[in-house]
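Several structures are given next for inspection.
Each of the two complexes below includes chain A, the first together with chain B, the second together with chain C.
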Partner chain A sequence: MSLLTRPRGLPGAQAPGRPAPRTPRMRPWTPYAFLAPYLVLFAVFMLAPIAFGGWTSLHEWDINLPAKPFVGLRNYADLFDPADVDGARFWTAMRATAIFTVASVPLLIVLPLLVALLMNGRFKGRDLYRAVYFAPYVLGVAVVGLVWRFLLDGNIGLVNHYLGLDVQWTTAVPPAWVALVGVTVWWTLGLNSVIFLAGLQDIPRELHEAAMVDGASAWHRFRAVTLPGLRPVTVFVVNATILASANMFGQSYLITGGAPADQTKTAIYLIAETGLRQFDMGTASAMSFVLAGCLMVVSALVFGAFRGRSKP
Partner chain B sequence: MTRDVRGLRRALLHLVLVVLAALYLSPLIYMVATSFKTRESAGSTEPAWLPDPFTTGAYREILSSADSPVMTWFVNSLVAATGHAALVLVTAAPAAYALARLRFRGRGVIFTSIVATLFVPPVVLLVPNFLIVNELSWVDSLPAVIVPAAAGAFGVFFLRQFFLTLPAELEEAAELDGCDRWRIFVTIALPLARPALVTLFLLSFLTNWNDFLWPLYVLLSPESLTLPAGLGNFQSANSIRYDLLMAGAVIASLPVLALYLIAQRWVIEGISRSGLKG
Partner chain C sequence: MSSSLSRRSFLGLSGAVGLTALTACGGGTKIGAGSGSPASAAPTFSGGEYTGPKVTLDYWNGFTGGDGPHMRAMLETFNKQFAGRIEVRNVTRRWEDLYPAMPTAIAAGKGPDVAVIHNDWVGTFAARRTLLPLDDVVGALSLSEADFIPAVWNAGVYQGKRYSVPLDVHCLGDYWNRAHLQKIGLSEAPADRAGYEDALAQLKKAGIAAPFWMPNKWPAHLMFMSLLWQHGGELYSDDGTRALWGGEPGVRALSWMVEQIDKGFSPAQVAQDSQYAAFKNDKVSFTWDGIWQINDLKTNARSLQWGLGPVPNIGGTAAVWSSSHNFVMTSQAGKDGDKVQAAKFFIDHMGRLSTEWAKAGMIPARNSAREDPAVAELPQIRLAADLDSFRFLPALPGVGDVQSKALELAVAKAVLKQASPSEALKEGVATANKLLADNKRKYAR
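This part shows the complex of A and B:
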């Protein structure tokens, strides 16, 4: 490539990453033609549904009934009314989502960080280990759910057999939460590990070496060099993991089926059942927006927390 | 540090990593072992890591069962994942190229709105996209699991970042030679972007192959399901036939594990550098 690179200062040379100058040859509609196919998809399946979802949430909307009366904010009001059936179910589900998120996210940050630190060196077989820890994530939740429903079976499961226990992992709480969190950690630990590992490798070696020359201990270097260097990656991983945990569906659907008494039925599980099985789409849309609002508040809090800590 | 201490530490590290790796893979090994067991030994309370007797009966039964057309699900999944990944490339690549290289009115607004949707929790799309897919008469058919997810902003964002890192000189030279923008895109930019295109194809394929919630609700009749949705329904109906369920799980795992073995480095690098989540 170097032979083809024009020396700076000659006509036509420019900083990399800047768009090429417009030339008379390009017809004015050319860029829009490049964009058109994607923008059609974007408009129909991204922008339209966001607006349409809001519109639906203001109606009593059943896909099979011709009449879809406008009800204003009543779907939302019902959700915040503890005496209402939908409201009660919704907050049970929100509680399940919150329990799962609070229990899984710290584990999905700390354990992958430990794995990444273990693997952040040059040693034989490193890429093989990395490939092994990442492997479950490639499988998808359906396979993971089926396999673990079997391993966690109260009567014939391996988990009870090897632990010498007689626990109903799939039908009783709190064991069901332990099971759902454990399975999720097994499934996605590799994902967060490789992201942390990439972040660790971006920290300049000189920083570590300088700290070593200054006589800093390993723990000191971790606190003073590694953690600050990982900050951008950590903000991303924390946020993405919270969002993924709050969207937990397949594990609950396949392993517990929401048992016992809908206590492990997550918000997104309830939204899918309400909107796409019972076709009460107005209520389900209102639930989606309340859940989305909560998630955006949590994301903002995470960004705020990390920004606040960067200024000592 | 003396060499002995270092050697000991290294040995300890490998011991920890090997034990973890063995524990990590054991559920998958047990899945494969169970898929070759008889119905009775799969449901036995004494776990066996080697199937005795060894049988392919579960595979034969699940592949020939009328209410679980696993081969049809397999083909559906293959068509859907390939079609989806191809659609993502065909639509996202020119859009990303225009946003990275061409100057035009509205570019800032368009790029900002696309990136902004990366922050919209996907749950708000679930119900309205079902209604839109229903309007298009796509419910219970493969376009429903191929097309809507291709509207996601990730592909455009990912490829745009890549196009920005390519040197512009080649394209400028071609422009001076009188090539039009489309030819420059097809003959110069796309070949240079091949690593990014391959990564995006693999990630889109894997995501679509593994997608569970959406196909579970938007595909209804047994012959139009994808593998994950089919297996989900199959579990509800046959919750005690672990031999059949594990055979189905193995069939659903094989293509993605094969892809992963072949392209492991691309998949991991792509995901760790781009931060794609689920």
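This part shows the complex of A and C:
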């Protein structure tokens, strides 16, 4: 490996007192050479498609019409024009995404944390309990969607039958939101729980013991030891959950079909429909960029919030 | 290592790798740019058997319901009969997945060579250059308008060229629960408005809590269109620039649908497909659905006693939404002259089997085939007694988008009581007119 080492002796073997030799200087391009394999993949599979998507969004780009005229920013302007067909549909969809995210993220943070705290205890059948909570996550969205669509059906579904209710879980809001959030929590709770559990197991026992010696109650230990110890994990979980919720598609596609009248049609659902069913790639790309921009802002805010609190 | 690979050459090399990858990527995404080579290269079809070298045809269709097994059986026979010359590979997927996938798959060379599509998609796909004209097949088959339902026949023509050969016609029908009707002393569904509404009221009295469930999604828009035509309305202007379904007939049609909920004949906010599931489970007395459900009911609801008749005449003029399955040849086949010939032969051959196909629950498109005694006995044929009542969606390019973004949404909004019928239609028509203008511009190029 002539890239890094120099022919002389090991650095650690030098006698004390002698002036330390200059650290072996790396050739300036060495780090880039190591990064290159990933950078190539990143460029080909991330940067290029993003750039291509940006280019597409500036055209009236129908994937199988030969003419793809350049329209500048008109696709974006249309999206911000409430009188435009796509603009109106897009903001209805963004609203649906926002409602779902705001409703599901807190539940997907708090409940998994509680489950993780329980799973972290010592009791009989713990492994079974862990497996049971994680089990739904193993199912694909198609299975989850189809099963719940029939369970939740307002007129012939088992949920209403057993609960003796008459609620239209799939065709009326807000029940449809309750249903979609409920199904999503049931489905993905296990993943966040497992991540929290790993975080909990990373908190050194000594901290808890020290706190106990100081006479801290369980609640105090939770506030002063567990929560701060989980901070890095929580930042990750919050961000990942926000992004996952904002990208919700399968549940509403399968369970409500966007009903009632497109009110639960999320942004990703609309983008997929516009681009892949109506072939209007230009508009769909513009929608994607607007959505991505919004998500970047939200992520930045989340990071900012957590960083702000970590300062004394 | 470092000596054998200088920095400059390394950078050059990685740059080159990156560039090649980028160009490759760019090439791959350039789908669809009018990639169909002109069909004129292939010799015209003049009937008779295919005589060229062995070819494989990819054949796509959406026969996922009770009609699927029949199509597969017909293909097996075809493949056996022409083994060693033509092999047809069948791909069946749901219509709503097939249509979006077809143009892209064809552009990538992985799509069908022949396919079956609905009449209202012919215009869209012809404008997208996904299809190749079939005028010579029609000429060779000496097919003529006289042997077909005119609306079906004319739907295959786009800008003066024929792109499709009709296989069948199918329409919305009125299914009824025999046991329920017996309770009120009827043997079949009444065909007029007063009788129908009276029957519903009596069924409710007889203990059927909700005899006629009103869907908000499929097939709600088919019901709406049927009722619209019955009330004397029209869908779109002839030049395809204006939506006409929001006028007085449309409001009356949609109001009648909503009325069924107000009168308690239907529960509110019926979820997708549950009206049909409830019918199969003996809970519903009437449901309007396509005749393609015949075989599903026969196989999956054996204990249910049901009957099928034409959709009742609610609005005054007998009219019902109809559609037809049509054979088309795609621009993918156009790249190979032998495939074109084989595909035309296949379409010709299958088109003659419409009697066999009728057993899949469809109505043969050819007048002569409907008179065949083997077909005349089938339950769906009585629906074709009045051919003038069959109405079709116009083959405007992009009409599918207008339907789903505007008409279907308006119907759903009204049925779910988010807006009154007239408000929902007014809003829908405004959207539809914008989309029609967009389409006009888009497909004119």
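Rule of thumb we're sticking to: the second predicted complex is superposed on the first by the 266 of 312 C-alpha atoms of A that agree within 3 Å, B and C clash if a C-alpha of one lies under 4 Å from a C-alpha of the other, contacts with A are read in each partner's own complex, and residues count from 1 in each chain.
Going forward, a residue touches a chain if its C-beta (ideal position, glycine included) is under 8 Å from a C-beta of that chain, and two chains touch if they have at least 3 such contacts.
Fair warning: this is a prediction, and the values are worked out from it, not measured in the lab.
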- Note on the structure: Of the two partners chain B and chain C, more of chain A gets touched by chain B
- Message: By the touch definition at the top of the document, which applies to A:305: first (chain B), second (chain C), both, or neither?
- Response: neither
- Message: After the superposition on A, what does A:191 contact: first (chain B), second (chain C), both or neither?
- Response: first
- Message: Between chain B and chain C, whom does A:48 touch in the aligned arrangement: first, second, both, or neither?
- Response: both
- Message: Going by the contact rule set out at the top, does A:38 touch chain B (first), chain C (second), both, or neither?
- Response: first
- Query: Of the two partner chains, chain B (first) and chain C (second), which one does A:277 touch, if any: first, second, both, or neither?
  - Reply: both
- Query: Which of the two partners, first being chain B and second being chain C, lies in contact with A:168: first, second, both, or neither?
  - Reply: second
- Item | Touched partner set for A:297, first chain B, second chain C, both or neither | neither
- Task: Kindly classify A:63 by the partners it touches after superposition: chain B alone (first), chain C alone (second), both, or neither?
- Result: both
- Would you sort A:156 into first (chain B), second (chain C), both or neither based on which partner it touches? both
- Taking the contacts chain A makes with chain B in one complex and with chain C in the other, which residues are shared? 44, 48-49, 52, 63, 149, 153, 155-156, 276-277
- Note on the structure: Given the complex, residues on chain B that touch chain A span 10, 13-14, 16-17, 20-21, 24-25, 27-28, 30-31, 34, 43-45, 47, 90-92, 94-95, 97-104, 107, 110, 113-114, 117, 119-132, 134, 147-153, 156, 164-165, 167-173, 175-176, 178, 180-182, 185, 206, 209-213, 216-218, 227-229, 231-232, 235, 239, 242, 245-246, 248-249, 252-253, 256-257, 259-260, 264-265, 267-268, 271-273, 275, 277-278
- Item | chain A partner contacts - residues on chain C that touch it in the complex | 1-3, 7, 10-11, 14, 17-18, 21-22, 25-26, 29, 31-34, 99-100, 103-104, 106-107, 128-130, 213, 216-217, 267-272, 274, 277-278, 281, 283, 401, 405, 409, 412-413, 416, 418, 431, 434-435, 438, 442-443, 445
- Message: Taking the touch rule as given, give the residues of chain A at its contact with chain B in the complex, in rising order.
- Response: 1, 4-6, 12-14, 16-23, 25-26, 28, 30-32, 34-35, 37-39, 41-42, 44-50, 52-53, 56, 63, 118-119, 123, 125, 127, 129-136, 138-143, 145-151, 153, 155-156, 158, 161, 186, 191, 194-195, 197-198, 236, 240-241, 243-244, 246-247, 249-250, 253-254, 267-268, 271-272, 275-277, 281, 284-285, 288-289, 291-292, 295-296, 299
- Query: Mind pulling up the chain A residues that touch chain C in the complex?
  - Reply: 2-3, 27, 29, 33, 36, 40, 43-44, 48-49, 52, 60, 62-67, 69, 84-85, 89, 149, 153-156, 168, 170-172, 257, 259-262, 276-279
